[in-house]
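The letters A, B and C name the chains in turn, as written, and every chain counts its residues from 1.
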Amino acid sequence: MALSKERFQAFADVVGEENICDDPTMMAAYFRTDFAAVIMPKDPSEVQAVVRLCNKFQLKFRPICTGWTGTFQPGSILLDLRRMNQIIEINEKNMYAVVEPYVTSAQLQAELFKRGLNTNMKGAGAQCSAMLRGHGHLDQSCGADDRNHLAVEWVTPTGELVKMGSWGAVGEWFCGDGPGPSLRSLVSSVVPPSTTPGVFTKVAMKLYHWPGPDKYALEGHSPRYTLREFPSNMMARYYSFPTLEKMWQAEIAIGEAEIALELMGFNAAMVAANITTCNEEEMAMFERLSKEVQGPGFFVIIAGDSPEDFAYKKKVLETIIAENDGQSLKTVEDPELEGILLTQCTRISASVRETFRPGGCFKSIPIMGQRDLTIRWAIGAGQAKLPLIEKGLIADDGGGFFGWGVEHGHLGKTEIFCKFSALNPVAWEEVTKWHREQSQRALEEKYFALTMAPEEEIETKIGPALSNYHVWWNKVLEALDPNGVVPDKGMSWLL
Amino acid sequence: MVEKQRLAEIVGSTNVSDDPTTLDAYSRDISFVNQTKPAYVVKPHSGPQIKELVKLANETRTPLVPVSSGPPHFRGDTVPAVGGAVVVDLSEMKRIIFVDRPRRVAMVEPGVTFAELIPAAAQAGIRLNMPLFPRSTKTVVGSMLDREPVVMPKYQWDISDPLACVEVIFGTGDDFRTGQAAGPGTIEEQWQVGGMQKAPYGPHITAWHRLVQGAQGTIGIVTWASLRCELLPQLQEPYVVGNASLAPLIEMAAWLVRLRIANECFILSSANLAAMFAEDWPRDYLRLKAELPAWTLFYVVAGYSYFPEERVASHLKQIAALGQRLALEPLRAVGGLSARKIMKAAQATCPEPYWKLRYKGACEDVFFLTLNDQVEDFVELMQALAAQVGYPATDLGVYVQPIVQGTGCHLEFNLFYDPASDHEAERARSLASLATTTFLDAGAFFSRPHGEHARDIMNRDAASLEVLKKLKGIFDPHQIMNPGKLCF
Amino acid sequence: MALEDYAGDMNMCCRCSACKFIPLQMVKGFKHANVCPSISRYNFHFFSAGGRLNLGVAGLEKGFNYTPWYLSSLYNCQQCGACDVSCKYGMDMEVLLPIQELRIKAVEDGHAHPALAKVVERMAKTGSMVPMEGAGRGDWAQGLGLKDANQEKVEVLYHVGCLTSFDEGFRQLAQATAQILTAAGVDFGILGQAETCCGGRAYEMGHKQDFLTQAQKSLEQIKATGAKTLVTSCAECYQAYKVLYDRFGLRDDHELKVLHITELMADLLSQGKLQPKKTLDLCVTYHDPCHLGRLGEPWIHWQGKKVPGDRFIFDPPKPYRRGGGGVYEPPRQVLHSLPGVVLTEMDRIKEYAWCAGSCGGVIDSNPEFAQWTAEQRLEEAKCTGADAIVSASPWAEKLLKTAAGNGQCHLGIYDVVELVAQAI
C-alpha cells in the first residue's frame, strides 16, 4: 500500500524523490511483501531522519544490504542501503577496515589482497555485504560472526546515532567494546534473517594476513576461470575418510596444528557443485566423486608465509591425513581443478552452485557452536533427508551435511540443507516438515535450539529452553523501541 | 539497611562479617578511591545463595559490591561507592567445575585463582591465555570480567577472549546463562550429550557475555564462567629483543602477531622488568635498570605435537628475516636477564610480593587501548607529563601489550610510589589524573574506566550512554549492583 | 518463445544479487566491480536483472501494471546481457531473454516507449535507424569504385549499417573498412543507397514484429546479391545477422556466413594479406562491444522439456549461452599486430565488459543515462593510463565521443578499423 502524500513528501524531503519508491507494483521486485515504500538513504544522518519519521508515523522498518533473504512485514518500510557503499578506511598497521553496508565482500577482499591482507568471506557468497555478521569457508583462520566486528556505528530504532567503543569515545575504529560493558552485546547482526533492531551504518572489520597473490592470474571465460599460475606457497586438497569419527579427528588435529588457511567440510555433492558449470555436469561429477570418496571429508587450503612454513604445513597435513586413513581426492589433485577450488573457495564466488542452482530453492539448518556436538545431531538430520531424496523431492546429495572448524577448531559450524524446486509445493511442504522435525529434535535432545522461529514458539518453547533470553530481549527491545518500529521483535525467520 | 540475620540465613552466620577490621580492609584499596566502609561482608558458596542475596538486596534496596580476587586491589571497583553496601566476596567459591582437553575449555567458579587453575589445566594438557604476571590472589573470572589484556594476542580472536560463557545473577535476582550454556537444558544435561559450554555467542543475535564483561559488577554477579584454553606446547623458544626506541619493537611485535608466529608477545620498559625480576633489592633492581635496554620485546615461539622442532625452525627463520628488515636482533638474554626466566614468569602467577609493590610499596596504573602507531606518541607524552609533575622518568613502568590479533595495543603506565610518603602519593595521583585527562583528549581509549575520571570517560558518547542506562534499568532496576561505578 | 515460457527461469531467481556485479571471481578491487549500468545508476533493486525477474513472476501471477516506475525499470536497461553472464556463472537459467520478453510484452500491451516507437517508425518507413541527414545512404562510397551488389553478384557483401552510413563522423569508418578490404584483395560489394537496416535494434527496443518485418526485407536484399559471406563493421548489425536472424530461423533457407570486420581482419593478417607497416606509437585499451562479445555468442538451437523433479533441468539437456563464445580475441589479435600499438586491458572486459551505454535503445529513450554509462567506461579507460580507447562498434564509439566531449576527456576514441587503416 502506497504512502500518503504527506508521508511520502516527508521521506522525500530527506532522501530526494528519486530515492524513494512507494509504487506497490515495484515491491514485488524486492521480496514477496507489500512494503509501504523502499527508501534509499545515502548516509547516517539520512538514515536517522528516516528512522525518526518511521517513529513519528509508527511505520515499521527494516534495512537490507544486497538483501538476499528475509521475511518482512507488509506495510513496513524497506531501507535499501545501496547508496551507502564506500570503503571508509583500510588500516594495515592495525588490521581493520571500515565499510559501509553495500560494500561487497568481493570488493573489500580484492582491495585487501593488494595489501597482503584478507577478510573473512561469507559462505553465502562474495556478493554479500562485507559488514555482515557472517561465517564461511575461511573461518578456520579468519574467525567468524560478531567476533570479526570491531567498532560499530549504529542508528537505534528511535533514530539515535550510537558510536560504539573507540569510535564514539575517541574517533577511532579499532575497538567496539567499552567503555564499560559492550553494546556489541545487543546488536551483532546487520540484516535479515536475524536482525539487529536499527541500522548499522558502518562497521570496522577485523583483518587477517594474506600470504597469497595480490590478485589471482585467471584466464578463460565465465563460468570457468582457471589459474594461469598456481601460487607456489599454496595447496588445495580434498580428503575423504573411512568414517565420520576419523574425519572429525583429522579435522580437529588440523585445527590444533594451526596449519590450515581454510578447512571447509564440503561433502562430495558440494565439491561436485562447486567445480562444475551446469546441473548436468554436477550430477555426473557427483556420481564420479561418490565412487572416489571413501566417506565423509573436507577441503583444505594451506598457505605458507615462507617456503619452510609451507613445507612444514604440508608435512603436518599429510601426516594427519595418513594417521586418520584419509585419502586425497584425485580429481582435486588435477592442477586445473585445484586452481578452480583455490580461487573459488577463497573468493567464495560460486557457492550459489552448491545451493540454488539445482532448483532455485534451498532450506537450511545452520548452527554455529561446538562442532563435535552438532555433527552428532547432523547425522540424524542427514538420515532424515534420505526418504525425501528417494521420493525425488530434493536433490540427491547422499543425505550429506557439512561444516568446518572455526578459529583453528576452537569453535565450529555445521550445516545441512535441502535443495529443491521453487515450483514444487510438495517439496516445500516436505522440506518444511523436515526442517521443523530436525529443529525440534535438536531442542529436545539438547544439542542446540534455533532461534529463528515463529514468535509463539519462541515464547513457549525456545525462549524458556534458553535461559528465557526472550524475556530479556523483549525488555531490551521495549527500551530501545518504544514506538514498536522494529518488525517481528528483531527476529525474522526464513520461510 | 539489611539485617545481619537475614544475610546469615542465606550464607550461614560464619560467612557474614561486620567486624570493624574486616570492614576496614574492604573500605579501601591501593588506588586513590574514596574510602567507604561496607555494612557487611558476606561470603556465599553457591549460585543459589547469590541469587537469594540479590533478591534480598532488591527487597531492602541494599547496594551489593561483588569481589572475587583477594587483595591487594588496584582499581577501586571493589570498594563501595556508597554507604550501607554489602560486599559479596566470592573468593571462597573455588570449584574448578571442569577442564576439558578435547574442547580446550575450562569452567570455574569466581573464586578460582590463576594459581589454582594453571596446574589443573596443565594436568589436562592445556593452558590459559593469561594476563601479565597476575598476583597470586587474582581470580580467573575477575580478570576475564575486567577484560584484562592477555599475553598471547595470537589467541585473542576477540576482545572478550578467553571468556566463553557465564552464569550470572542479574541485578533483578534472575539467573541467566550466556552463549552455548543458555541451553537447551541445564549444564549437566548439556554435558550428557557432550555440550561443553564453549561457544560464546547468543542466544539469538546478542552476545550477552559482553554485557557482563567490563561492567564492574554493575549488571550482575557471575556464579561461574567458562573460558577457552590453549594447548601446552611441546617445545618453547623464548626470545628478547632490546632497543633504545619503541617504534621498531612495536612493528616487530605487530608482525609476530600478524603472522601468528609468537605465542606470548609483549613489550616492557626497563623499570618494569627490573621490578619484576630483581632478586636482591635494591642492588639487583638498580643494576637491571641500568643494564637493560630502555625497551624489551619478549616473545615465545612454540611447537606442538607435530614436528615441533621444524615448526619452530621455520618460524625462527621468518623472524630472522623480519629482524634484518627492522635492524633488530633477537637474543636469548638482554641486560643479564634471560628470556627463559621471563617465559617462566609469564606462564605463572607472580610470587609475593606482587611485582608492582616491590619497588616502592604501591603503584597507580594508567592504562588504555590505542592504535599500534600511536603508542610511541603516548609514551612521549607521558614522559613530558611526568617531567611536569616531577615524577622521575626512569621510574616510569610501561607495558605494551598487542591485543586481539594485532588490532591495537593495551598501553599501561605503572606509577610506583611510596604510600608512606604523602608527597610521592600525591605526585603519583596527580600524574595519573593529569595523564588520564590529557590522554583522553589525545585519543586514548579508556575502555575499562576506573577511578575519578570514570564518569567523564563514560560520558564521551552521549548516545551510547543513553543505551547503557536503559540496559541498566532493565538488568538492575533498583540500582543495587555496585552503584556509583562507571556511569551508574 | 513468449514470456510465459520463461516462468521457470524467472522463478529460479534466488535474489542473490550476482547480476549486479561482474563474475565475483574477477573483481580486482573496489572500483569496477559493478556490471549493470541500470542499477549502478538508479540503485533500486528493480533496476537489476533479479528485480526485473521478480517483477516478471509477479506479473505472470497477478497481471502487469504499467506504472511509471515499472516502465522506467523496463526501459532504463541497455539489455547489454552482463547480468545474464554474471548470473550464469553460478546458475542455470535464462536472464536476458525473459527481460527482453518483458519489454516485448509491454510494447504488445500498448506501452511502447514514445522515443523508441519513433525510431522504429523511422526504420519501417526509411530503412534507417538514424535520421538521414540530407545525404544518401551510399554517399560515403562516392568515388571509391566499389562493386555495386545491386548490379552484380558478390561473394562477400559489406554491410555498412545505418549509423556509419549517415553519421558524418562515421562515414570515414566505412571508407576505412573499404580501404582495408581492398588492400587485402577481398572481392566484395556493397548495397550502397539501397542498403536497409538490419532491424536488430528494433528487437531490443521491444518491437519484435517490426524487427521481423525489417529482417525479412534485409534478408531478401542480401539473398539477391548471392553473397555467401556478410561482413560488417557494426557490432549491432553483426549480432542481428549472426544471432537474431539465426534464432528466429530467418536464415534457415539461406546459407550466410556472418563476420565482423575484426574477425575478417584477424584472418587476413594471419594469412599475410594485410600487412600493417606504419608504426602508430599508441597505448590503447579495448572496449568489448556487447553485441560483438557476449551478445554475439552464436545462438544455440534447442528444444526440450523440463525433467520432472527436484532440479531445473531439461531433456535433452539445455546448453546455455554464457557469454564466453563471443568475439573477443580477433580484435585483440588485430591490435597486437599493429606496430607501435600497446594494448592494456581495463578491469571489466570480454564477457563481463561494462556496456558503453548505447544498447537497448537507451541512447534514444534516455540519452542522459546512456551518456552517464559511457562516462563510467571512459573513467575506467583512463585508469589504464592508455592514450586511447578502441572499440569495434560505431554506436559505442559515438556515445563515448559524446561523453568525452562533454567532460573534456583527453582520451582518443577509435575504431579498430581506423587504426588498421592508418597502419597499412
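A few notes on this one:
To be clear about the criterion, a residue touches a chain if its C-beta (ideal position, glycine included) is under 8 Å from a C-beta of that chain, and two chains touch if they have at least 3 such contacts.
Just so you know, these numbers come straight off a predicted model, no measurement behind them.
Under the stated contact rule, the graph of chain-to-chain touches is a line, running from one end chain to the other without closing. Counting C-beta pairs in contact, the pair that comes out ahead of the other among A-B and A-C is A-B. Chain centres defined as mean CA positions place A nearest to the mean of all protein CA atoms. Separating the centre of subunit B from that of subunit C, both taken as means of CA atoms, is a distance of 66 Å. For the pair subunit A and subunit B, the distance between C-alpha centroids works out to 33 Å.
The geometric centre of subunit A is 37 Å away from that of subunit C, both derived from CA atoms.
The residues of subunit B lying in touch with subunit A in their complex are 102-104, 147, 157-160, 174-178, 180, 182-185, 189-190, 192-196, 198-199, 201-216, 218-219, 228, 231, 254, 258-261, 304-307, 310-311, 313-315, 317-318, 321, 369, 371-373, 404-408, 440, 443-449, 457-458, 460-461, 463-464, 466-468, 470-471, 473-475, 486-487. Remark: subunit C residues 8, 11-18, 20-21, 23-30, 33, 39, 42-46, 50-52, 54-55, 57-58, 65, 67-70, 73, 85-86, 88-93, 308-313, 317, 320, 322-325, 328, 350-352 touch subunit A in the complex. Listing the residues of subunit A that touch subunit B in their complex gives 91, 93-96, 133, 143, 145-147, 150, 156, 160-166, 168-172, 174-189, 194-196, 206, 208-209, 252-253, 256-258, 305-306, 308-309, 311-312, 315-316, 319-320, 368-370, 372-373, 376, 407, 410-411, 443-449, 451, 465-470, 472-473, 475-476, 479-480, 490-491. Put simply, subunit A touches subunit C in their complex at residues 18-19, 21, 23, 25-26, 28-32, 38, 40, 66-69, 80, 82-83, 87, 103-104, 106-111, 114, 124-127, 215-216, 218, 220-225, 277-280, 283, 343-344, 347-353, 355-362, 392-396, 419-424, 427.
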